[in-house]
Each structure stands twice: as C-alpha cells, then as structure tokens.
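Below are two complexes that have chain A in common, paired first with chain B and then with chain C.
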Partner chain A sequence: MARKQSRFGVSRRSFVGGAGALSVGLAGFPAILGAQAKAVKVGLIHPVTGFVAYNGQQSRLGATMAIEDVNKAGGVKSMGGAKLEALLGDSQSKVEVGVSEVEKMNEAGASAFIGCFQSPVGIAATQAAAKYNTPFLIDVGASDQLVRRGLKNVFRLKPGFGKCVDDGIAALGAINKGAGSPAKSAVIVHESGEFGTGTAKLLAGKLPSIGIEAKELIPHDNPTRSFDNIALRIRSMAPDIVMMSNYGNEYMLLARTLFQQKVELKGMFSVLGGGFNYKFVKDMPDVSQFMMDTNHWFNPRSEASQALKKRVEAGGALFTFEVYLSYTNVMLLADALERAQSADKEKLIAALAASTFKAELMPYGPTKFVDGQNEGGLPAVMQSLKGEIEVISPEQFASAKAVFPRPKFT
Partner chain B sequence: MSADIVFAGVVNGLMAGGVYVLVAVGLTLIYGVLHIINFAHGSLLMLAMYAVYFLFRKPLGLDPYAALPLVTAGAFAFAYLLYRGVIGRFAHGKDENILLITLGLSIVADNAALFFFTGDTQTIDVSYAGRFLQLGPALIPLPKLVSFLASLLICALLGLWMAFTDTGKAIRAVAKERQGARLVGIDVENIFAIAYGIGIACLGAAACLLMPFFYVSPSSGHAFVLIAFTTVVLGGMGSFAGALIGGLLIGIVESLGGLRFGEQLGQIAIPLVFILVLLLRPTGLFGGR
Partner chain C sequence: MSRRAMLWCAAGLLVAILYPLLFGGPSLIARSNYAINVAFLILFAAFLGQSWNIAGGYAGQTSFGHVVFFGTGAYVSTILHVSHGWNPWLAWPVAIASGGLVGAIIGVLSFRAGLRGSYFALITLAFAEVFRIVANSIPQTRGGLGILIKADQRPENFQFRDPMWFYYLALVLCVIGLAIAWWLTRSRFGARLAAIRENEDAAMALGIDVFREKVRVLALSGAMCAAGGTVYAQKYLYLDPSIAFGVEKSVEMLLVSMIGGAGTIFGPLIGSGVLHLVGEITRDLGNVVPGIKNAQPLALIVYGLILVVIVAYLPDGLTGLLRRRR
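On to the complex of A and B.
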C-alpha cells in the first residue's frame, strides 16, 4: 500500500517526526543562546517629572550612560557577555508612584533597582523591593533611614547625611576657628520633608560642638513662592550663619531673597544643598558668591571623571552629582554581577555585600558595606568663588582657601 | 511680634499680592465671560515665563520689562488662536467641555514643557535684582516694587478699557447676558476668544513681572493657581475689583499668617479665608447674586 502523501509531498509521519525534531532543536538551542545573551534588567526609578524632575533626569542620564558603557565594553563577561537592559521608571516625585514602579518592574523581571533621589520615595520603594528580595542601590537619597531598617537588599555607595553632617560641621568648625571664631549663632532653614527635617535636626544637634548655637529651625513647604518673611525673621534674629537644607528651587529662591533683602551674614552654609551646582553658581554669581556647601563631588584628579564630564557637557548637560553618582552605581552593580556570575538575587546581594568596588569617579576609598552603607564614601566642602565652585575641604582635594567671614554688603 | 516686623510683613504681603492680582484678574475675566474655570491657567503662566526666559537669553537679551508688551501681545494672540482653533471648536457650546479641554491643555502643556525644556529650573539674573527701596523697617527689592506697581497699573488700564471701549462693553454684555448680546449683533464667539486672550495676556504680563525674582520650571505655574482661585472666590467670581482687593488681601493674610504661625502652619490662613468666605459670603466680597 502506498503511503498517503500530503499535497506538499510530505507524509504525515515524516511531518510529525520533523516537527518533533525541530521543536527539540528550538527548545534546546535558545537555552544555550539565552545563557549567553539574556539581558539583566535593571529598574531605574527616578523622579523625571514633578517638582524635582531635573534631578531625576540627571540621574537617569548618568545611569543610562553607564549601562551603555557596560554594554559597549562587552556586557557582564562572567555571564557570557549578558547586556544590561534599563527599565525606565518615573516616580513623579511621589512616594506611592515610586512603590508602584517597583511592583511593575518586578513583574517585568527586574534583577536590581537603582534610585530614587528623594528619601521618602527611596524608603518606601526599597521596602517594596525587599518583598521580592531584589537588590536596591540608592544612588541619591540622603536619609540614613534608608539603610537603618535592617533590609538586606539595600545598598548605598555615597555617604548618608549623618556622615555629611559630621564632616561638614567639622570643616565649618575648622574654618570658623581659623578665622578667630567670629560665628557664634546660626538659623537653619529647611524643607519640611524627611531630607530637610532630618538634616536640620542633625545640624542643630552638632552645632554646639563647634561653639555655634542654633537659634531657630525654620521649616518651609515645597514649593514655596516667597521667602520674604523668612528673610525678615532671619534679619530680626541676626544670626551669624544661615544654614540651608532644601531642594534646588527653594535653595536658589532663599539664597536670592537673602541677597535681595541684603541680610548681613558671616556665612551661608549647607549640607547636601539641593541647589548648589554649576548652574546656580554660573547663573547667579553674585547671589552664590561665598556660599558654602558640603556635598558629593567627583574626584577632579581622576581621568575617568574628567572624560565623563566632557562627554556629559558635550551632550549639553551639566555634570551634576546625580549624573556621576547614578553612573557609579550602575558600575557597582555591573561589578557585583561580574563576581556573582549570575543575576540570581541571593547571589547578587551577597556579591554586593562583599564588594570592594573602586569608585573611579569619586574621591572614595575602597567600598566596604556595613549594613548596606558604604563606609568608604567621603563628602567634600565647596565654596562659590567668582562664579566657580572651589573645593575648600578636605585638604587633599582643596582647590582654594575658604573666604570666611564673607564681606558685608555695605 | 514687634510693630516693625508687622509693618514689614504687611509690605511683603502687598508686594506678593500684586502678582496674585494679575494672575487672578485673568482667571476672573475668563470665568466672568465664559463661566468656566480655566484649568490651563497655571500651565499657560509657565509657558509665558519660559517665553520671558528665552527672550532674555542670548542672542536676544531682552530685559523682562522691555519684553512685557511683546509677551503680553504674544500671549493674547496665542490664547485667541487657541480658543478659536481648539477650545471653542471642540466645546460644542457646552461649558463642561471647555472645562475638560482646558484640563487636557494643561496636561499637554506641562508635559511638552518637560520634553522640550527639561525639568531644569531656569532663572534670569537682571542687573537691578539687588537694588531695593527702604521703607521704614521694610526693605523692598526693586523687582517686587515694580511688579506691584505695574500690576495695579495694568489692572486699572484694563478696568478703564472694559468700561469705555466698545469691545470692553461687548465683553461685559456677553458676560451678563450672552443670548441678548447675540440678539443685538455681537459676535459672541469672537468675544469669548477675545476675553480668553485678555485673560491669558494678563498672565503674559505677570510672567514678565515675576521672572526677575522667581524661577520657571514645567511645574512652576501651578504654585500660583490655588492662590488665584482663592483670590477669585474671595473677591467674587467675575469681579475685577474683587480680584484686586482679594489678591492684596490674600497676600497680606499669607504674609502675616506665615510670620505669626510659621511658614508651614501660616499657609493654613489661605484655605481658612477660602472656607470663611464660602460660609459667610458665598458670592465673595464684590460678587453679584
């Protein structure tokens, strides 16, 4: 009996056999390919819209540039050259949206998260990520609460505000002492969220140790339309120093109001001042003149940081701290993936916890995480002088000597 | 609080109130004629502020005060065309549609600004920013004094224009009785567009007066919207005099509230005024029944 042929000339039996062989091939082959090239999804959660949108966009810029660089350099080599794939998230500057981004990205298969700029968003988002045991790298986020809740999945490379306040206060104390201790009192103006309130309380607690009394803590909302009345109160209290702890817009507005209202001070000092950057200093050289800030700063002696600065500026952006911190965090993650040889969350967390990553762009020592906080991080104290940002402390990075007390308006 | 501080606080409040007046006059005019709340008010203020910023930047280098006629006229033309081309066309004669369209425009404008201008905060640094006038214990920065006086002048001119010109009379006629206005031959749709244009032109002027001491970012216009709504309700919806007195009053209440109760708790004074007006005089200080 002749075999029944289909109209294409292939028997049913050979078709089934062929299809079976093909499916085995298809099932097996991608498994090998996938092991070589399966991308590692990294959730980037930043506030790219809302009242701190600029900062979020800068963070995203740094992180995506780093991902591009890792991939161009051949991806994660120990994982067969696996590429990093960015999942872009927008927290909209809102806590609940940050959390929902974690949930969405978890569904999409995120192996790690990087974010969130605002501390309250970071606190909630890291907690959401902890449910899935997903590593969460805090690129920017000042509150020490971020790393003090015993969450094993949270890592922060940069120093927190505890360290920044300690170093900033010590530097201010040295500067004041060097000038004959003219400053004896301060008023602290801070935004009313976790970042501003937390920093202000820490500052107020530490100031007496350098012989300066905190006369008053003045909170304000975001956004604030006018600082006229705060300037009025400051003038009536006549402090020697105004300390500021607020986000970019209010930082700039307060500085400008104090300048316009001619409030006489011996100095203006901030720790993690949200608005102290190249743009502020270039756009308002008179307003920013002699203002001091303790903040994250790149290592000016590092060739890698100078090269990245050139690339960022060539693209029309500013080389702000968000850019190099987010960039460095992606590199930290890539290094951990390399050592873990896997995107498995347990292995990745273990690799991060044991990391000795050298943050090339930053003036940091080798990374050493203790309960998620890198002990090797170091802030710098800067001063705006003639439209330039000069490092005035620590001495090994200083590019200028501090001007303190500042000259009077009159 | 010493008398000096209170005096300086009142002066600060009046200066802030000047700008609130100008933002609120535009809102109240649009409400008075079109009977809708313009939800795009904050976003259009933001766009006008960006216009001032870009005119100030090189190569044009136009001072914000010198740019005032240009930005005001530009804002009028933009809003007039926006009404004729989008709002009026898709409203199909229904007020609630206008409400939704302005809300939609607001979302589009905010996100377009974010896309084209990024979320970066932009400021302008004018040479006279540091000058000031001393009035007893109060120091009034020159840009704030200029904005206060210019706001009052613009309001007065607008009031005179509304009272004595044919177009002004036509706007008032449409505001009172649009069917009757149509019957006597007034082109009501054109008057709607003109009223919307003038309302937004006020924002153009406000943007020029604000920029020497404020900043612009895609969300900066909204900082003034709640204040403008409160001002309009306090003064009486659709009332010019109400927007003027209401704006100044809100400025003073906000300032003294901030001084007495602190900048955070002091903010409660504004919604408190809002609630009190709604309870005791729902039509506002100068609103008709």
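On to the complex of A and C.
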C-alpha cells in the first residue's frame, strides 16, 4: 500500500516524529541552560600604574593565570562547574582609588576581592569591602594592622612582617653563630612608610637577642633617586651588617650604591626586601652576590611551583613573589568556593575561616586562619649565589648553605 | 549675581541634594554606592581646591604646599580622637583652628621675610615637606606606621555606614566653600585681596595693609583645608605621613582650580568634576582596549593628554571658555 504523502512531501509519521523530537529538545534546552552555572566574579585590585606598577602587574599576572587554570580544570565543580571571572582594578597606589574600585566592583557583582600590595590601600579597601561582608584576600601586604582590626572578611595567607622578622632574625642568629659570631652591629635602612618603618622597628627590637646591636635606623622616602649620602653615612659608622626593608627600586639602588662605593660589610640582610628577585640577581650578579633576604618564596622542591615558574618565564615574565602569592590566593578562594558550594558571602567567609588549604606552591603547612591570619605561613631565607637565588633556611626546603661572612672587596 | 545665575545655582543645588536619593539610600533608580563615592570625591576635591583658590586664585598667593593644612587638620583630629579619646566631632573645630593657626604662622614667617610669587610657592612646598618629615619622626603620629582609626560606624562617632552621609557632608563643605568665594567677590576683604593679586605695590600705595590681609587669607584658606583633612581621616580611617602631607594632594588642589578657572567661584567645582570624570573613564579604558593585555598605562597617557590640552588651550580654565562663549 502506498504511503499517503502530504502536499509538502512530509508523511504524518515523520511529522509526529519530528514534532516529538523538537518538543524533547525544547524541554531539554532549559535544563542545559540551567546547567551553565553563573560565573563567580573576583575583584583583583592592584597598583598596575604608579611607583609600584611592576609589582602590581606581577600580582595581576599571577591571579589571572590562576583564574585561567581553575576554569580550564572545569571551574568550581560543587557549583556546577561555575567559572571564575576576573574584574580588573587599578588602585594607582592611592587609598581613595582603592576604595572606589571596591565600590565599583561590588556593584559589578564581585563575590570576593584579592589585593592590594600596599598596606594603606589594603587597610582602607578591606574596610570598604567589610560593609558588604565581601571576603577580601590579602595576596601581598605586609602590615599586621591588615588583620588585627576584627574584620571577619579579611584573610591573609602569607605571613606578615611580624612573623617574617621573627624567622629572619632566628635564621640570621643561627648563621652568625655558625660562623663564630663575627657580626656585632647593624644599620637598618628602611622606606619611611608603614611597611618599612614597622619592619625596621621590629628588627631593631629583636637584634639584641642574637647579640647584634642596631646602631641606627635610617629612613628614606619613596621614591629616592640617590643613596650616595646614606652610603657615606653607613661607611662612617662601619657596621658589620646592613639590613634593608624597602620597595624594589630603592632596594636595588641602595645595594648598587654600597657596591660601587665598596663599603666593607660582613653581610647584607633584608626582611621583605622588595627588590630581591630574579631580575635583580640576573641583572646585577656582582651587586647581589652574597646578599640575603627573608621573604615569601616558593617551595623549590615542589613540582607544581617549578612548572608554573617555567610557564611564567616562557611568557617573558619573571617568577617574582607577587606572581605565586596572587596565584595561590586565587587557588585558596577556589578551594573555599568548592567547599562552600556557593558564592554566598556568609558561606564563603565561613569556608575561608575553616580552610585547611594546602598551598602547593609555597613552603607552608596546612592553612589555619586565626583572626584572618594564616598561622601555617612560613617565610624563607634566601641568598644570591653566582647569579642564582638559593634557599638557605628553613633547612627542609634549603637548596644551598649560607656563605657568611662575605669576602672583602680587597 | 544675576537672577538667572541664582536660578541656575538653586537648580544645581537641588540636583546635588536629590542625587543620593536617585543612586543611594532608598533608591528610586538603582542603588549605586560607586556613583555616590565618585560624587563625594568630586565635591571633596572641589572643596579642597576652593581652599587653595581662596589664597591662590583670589589673593594671588600661589601655594605648592597646601597639603600642609590638610595634613594638620587630619592629624590634629585623629590624634585627639585616637590618643586622647576625644569625640571626632569635638576634635573637628580644634583641627580647623589648627589649620588656621598654621596658615597664619606660615603667612607671618613668609610674608615678614618678603617672599612673593614663586618664592612663596616654594616655601610652602618646603613647609609641607618639613611637616611630613616631622610626622615621620615623632611618636605622637606613630611615624611611618601611621594611625589606624578604629572602625565604629556610628554617626555620633563621625563614621557613616551609608556613603550617602559622607556625600552630604562634602556637599555642605562645598557649598560653604562656594559661599566664601562668593562673599569674596562682594566684600571689601575680597576687593583688597584682588588689589593685592593685581599689584601688591599699588595696593600698598592705596593704604591696604598687605601683610595683614595676606596672613588673614592664608589663615582662612588653611582652616578650610584642615576641615577637609578631618573628613578624609574619618572616611578612610587610616593616616600616615605620605597620605597626610604627600605632594599629590597639593597638586590636585592646584590642578582642579587651574583647570576650572583660578579666582572664580565655580572654577574648582568644574575642574574637580572634569578631573575626576576623566580619571574614572580613562581608568576603565585600561580594561577595554582590545589586543592590549595591560592598557592601564595607556589610560594615564590619555588622562595626561587631556590635561595638557586643557591647560594649553584654556589658560583661564573651563570657566574662561564658558565666559568667552557668552
């Protein structure tokens, strides 16, 4: 029997079949739409212009790389694969601009913030975020005031300057003792802001405990274009050690000036020396040779950190501390989102507060936040040796032994 | 002021009063604390610019270090509040008086020494630097560590949870600044300042006590600027020597007045509006330029170019342009 065809050449059976398939498709479409989880917006506030622009750009690089990695790995799985979306902000090193960025990003729907490199900007920006109960992760920012104000929304994974000074002084004491205690005096040169002054005061207070007298604290402004006079003053005081706590440009300039003026020292030691990085060590191997720094550093024995280092360097950038600290903070946030199963701010803060995140890149123990400060954070002591940066303390992460005292110029 | 101008002013004030009701509080359109924050920054910078304008624009006493008064006000109220337990509202008048006093002292020292023009501008810069170094060194200011004001967001504590109230505070200050500027255009004091600005020797020959008038205007300007310092400290709750006495604030005060039109009533307000809006727009521009990963420096170049064009082609500022068009 011949099948009855319609005028348009479509049989009744195929019409019913097609209509059925279409209705199933239409019914399924909203389900597919529903499965596309809403992106979680993360506000990144860094000083990408201004006198610490390089540091801010490095932080942004690390954070955006981490967001890419989280998204490539399928996003936040407990939230249906929700992707992270970066909201990029520039604080311009100004307090009021940092706050303005918080307000703007809050309206753009930021679920969390990461920033701000400079402590004064961080102090004001975290307070602004606290109004909205939005979590704020301090990726870089040394001041301990950032986490001592009772703000429930602020979390800092890395150690503050108090911990860095304690560990740095302990390491310096051990190195000095191991060499027969040749160092008896020190001069501390620091930038005059909150970070440098706070660190210098703590250093001066702790140095006597390892048998070293702090002869003088010399503050300097940001930016400082010449350290000639300070170098002459240091030479006249003839300390055994020069300790530095300042931002990148001034750090390198002071080191170069002391080298050029051949100021004899037993060692140069910094805590959170802003300029102690691969750029400095590669560009000025003679100047940096034997300098020591206590700072945030990646775990050189971690495969993940070595792989990230290669990726960053392949892109033409340097693997500075801002990169891996910001990267790690995005991972900390992703971990908290995973456990909170929601971008709800209250739940996210609770998940961060209870975090036991293992920072794979860093030489840290499991995360444990007390009043917003991670107690598991650990700084490393490094030394520049033959154009490389070697970890000399803590011992379990060390890649070389310290050279102290340094050889004389003559 | 003509009837038409008064109507324009009243309309402008009405818009300014209604603005937060549109963007904040019980919002009619959409709540935007960001929009309120930007408006606060415009009004606040306009008020600080007006304080500079009173001395620099009306009296011709160009200062490069006006931040000295801002920092004085900020530190006096903050120290009284944090270290001595004063209520910040009570500390505010003391801070204003301190700014006036510092203005009078700097005026007496500078004008007694006969400093004028660029020499006076440079000495004010030097005073600001001295204050910054002192603030960096003495324990009362906690040096470079800065002073953190405890967050306690209650109006009786001069802290507001809703940014709308800081906006209104800035609006009141701005209106007071405009009223003072308007008064200067009408009063004998203002006329004496104009005479000093145009030709100091001629003003002296006319019998004006130039020294006294210049000290008075600097004290008035200093008191205004100090009032702004306290508001800043209470809004951002943190103060250090670079924030309080940093040269950027002096430059901003000078810039808003020059761009808007120095020696005019509305110059600082117009200049501040343009400066901040251009700043906000170019800052966003940095994130949207296609093909460039980090375009933020480009945004600063655009910002700088706009300023150069304004300064190069509008020597009397934007108010001068409006006057010419009329």
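Everything that follows uses one rule, which is that the second predicted complex is superposed on the first by the 374 of 410 C-alpha atoms of A that agree within 3 Å, B and C clash if a C-alpha of one lies under 4 Å from a C-alpha of the other, contacts with A are read in each partner's own complex, and residues count from 1 in each chain.
Assume a residue touches a chain if its C-beta (ideal position, glycine included) is under 8 Å from a C-beta of that chain, and two chains touch if they have at least 3 such contacts.
Quick caveat, the model's predicted, so the values are computed rather than measured.
**Q** Does the chain A-based superposition show chain B and chain C clashing or fitting?
**A** Verdict on chain A: clash between chain B and chain C.
**Q** Examine A:Gln341 and indicate which partner it touches, taking first as chain B and second as chain C; both and neither are also allowed.
**A** neither
**Q** Classify the contacts of A:Gln306 with the two partner chains as first (chain B alone), second (chain C alone), both, or neither.
**A** After superposition on chain A, A:Gln306 lies in contact with neither partner.
**Q** Could you look at A:Val48 and tell me whether it touches chain B, chain C, both or neither (first, second, both, neither)?
**A** So A:Val48 meets both chain B and chain C here.
**Q** Check whether A:Gln57 is in contact with chain B, with chain C, with both or with neither, and answer first, second, both or neither.
**A** After superposing on A, A:Gln57 lies in contact with both chain B and chain C.
**Q** Quick check for you: in the superposed arrangement, does A:Gln127 touch first (chain B), second (chain C), both or neither?
**A** A:Gln127: touches chain C, not chain B.
**Q** A:Asp283 contacts which: chain B (first), chain C (second), both, neither?
**A** first
**Q** For A:Val95, is the partner it touches chain B (first), chain C (second), both, or none of the two (neither)?
**A** Only chain C; A:Val95 stays clear of chain B.
**Q** Once the structures are superposed on A, label A:Pro219 by its partner contacts, choosing first (chain B), second (chain C), both or neither.
**A** both
**Q** If we overlay the two complexes on their shared chain A, which of chain B and chain C does A:Ser185 touch? Say first, second, both or neither.
**A** After superposing on A, A:Ser185 lies clear of both chain B and chain C.
**Q** Name the stretch of chain B, from among 57-65, 93-101 or 201-209, that runs into chain C once the two structures are superposed.
**A** Only one listed stretch clashes with chain C, namely 93-101.
**Q** Just which bits of chain A does chain B share with chain C as contact spots?
**A** 48-49, 53, 57, 192, 219
**Q** Considering only the defined contacts, which chain C positions touch chain A in the complex?
**A** Within the complex, chain C touches chain A at residues 32-34, 37-38, 41, 136, 143-146, 148, 150-151, 161, 163, 236-238, 240-243, 248, 280, 283, 286-287, 294, 296-297, 299-300.
**Q** Where on chain A is chain B touching in the complex?
**A** 48-57, 192, 218-221, 223-226, 228-230, 232-233, 236, 248-249, 252-253, 256-257, 259-262, 279, 283-287
**Q** Can you list the chain A residues touching chain C in their complex?
**A** It is residues 48-49, 53, 57, 60, 88, 90, 92, 94-97, 99-100, 103-104, 106-107, 120, 123-124, 127, 130-131, 145, 149, 151, 191-194, 196-198, 201, 219, 222 of chain A that touch chain C.
**Q** Provide the residue numbers of chain B that touch chain A in the complex, in ascending order.
**A** Within the complex, chain B touches chain A at residues 2, 5, 8-9, 12, 15-16, 111, 114, 118-121, 123, 125, 129-130, 132, 139, 141, 143-144, 213-215, 217-220, 223-224, 227, 255, 258-259, 262-264, 266-267.
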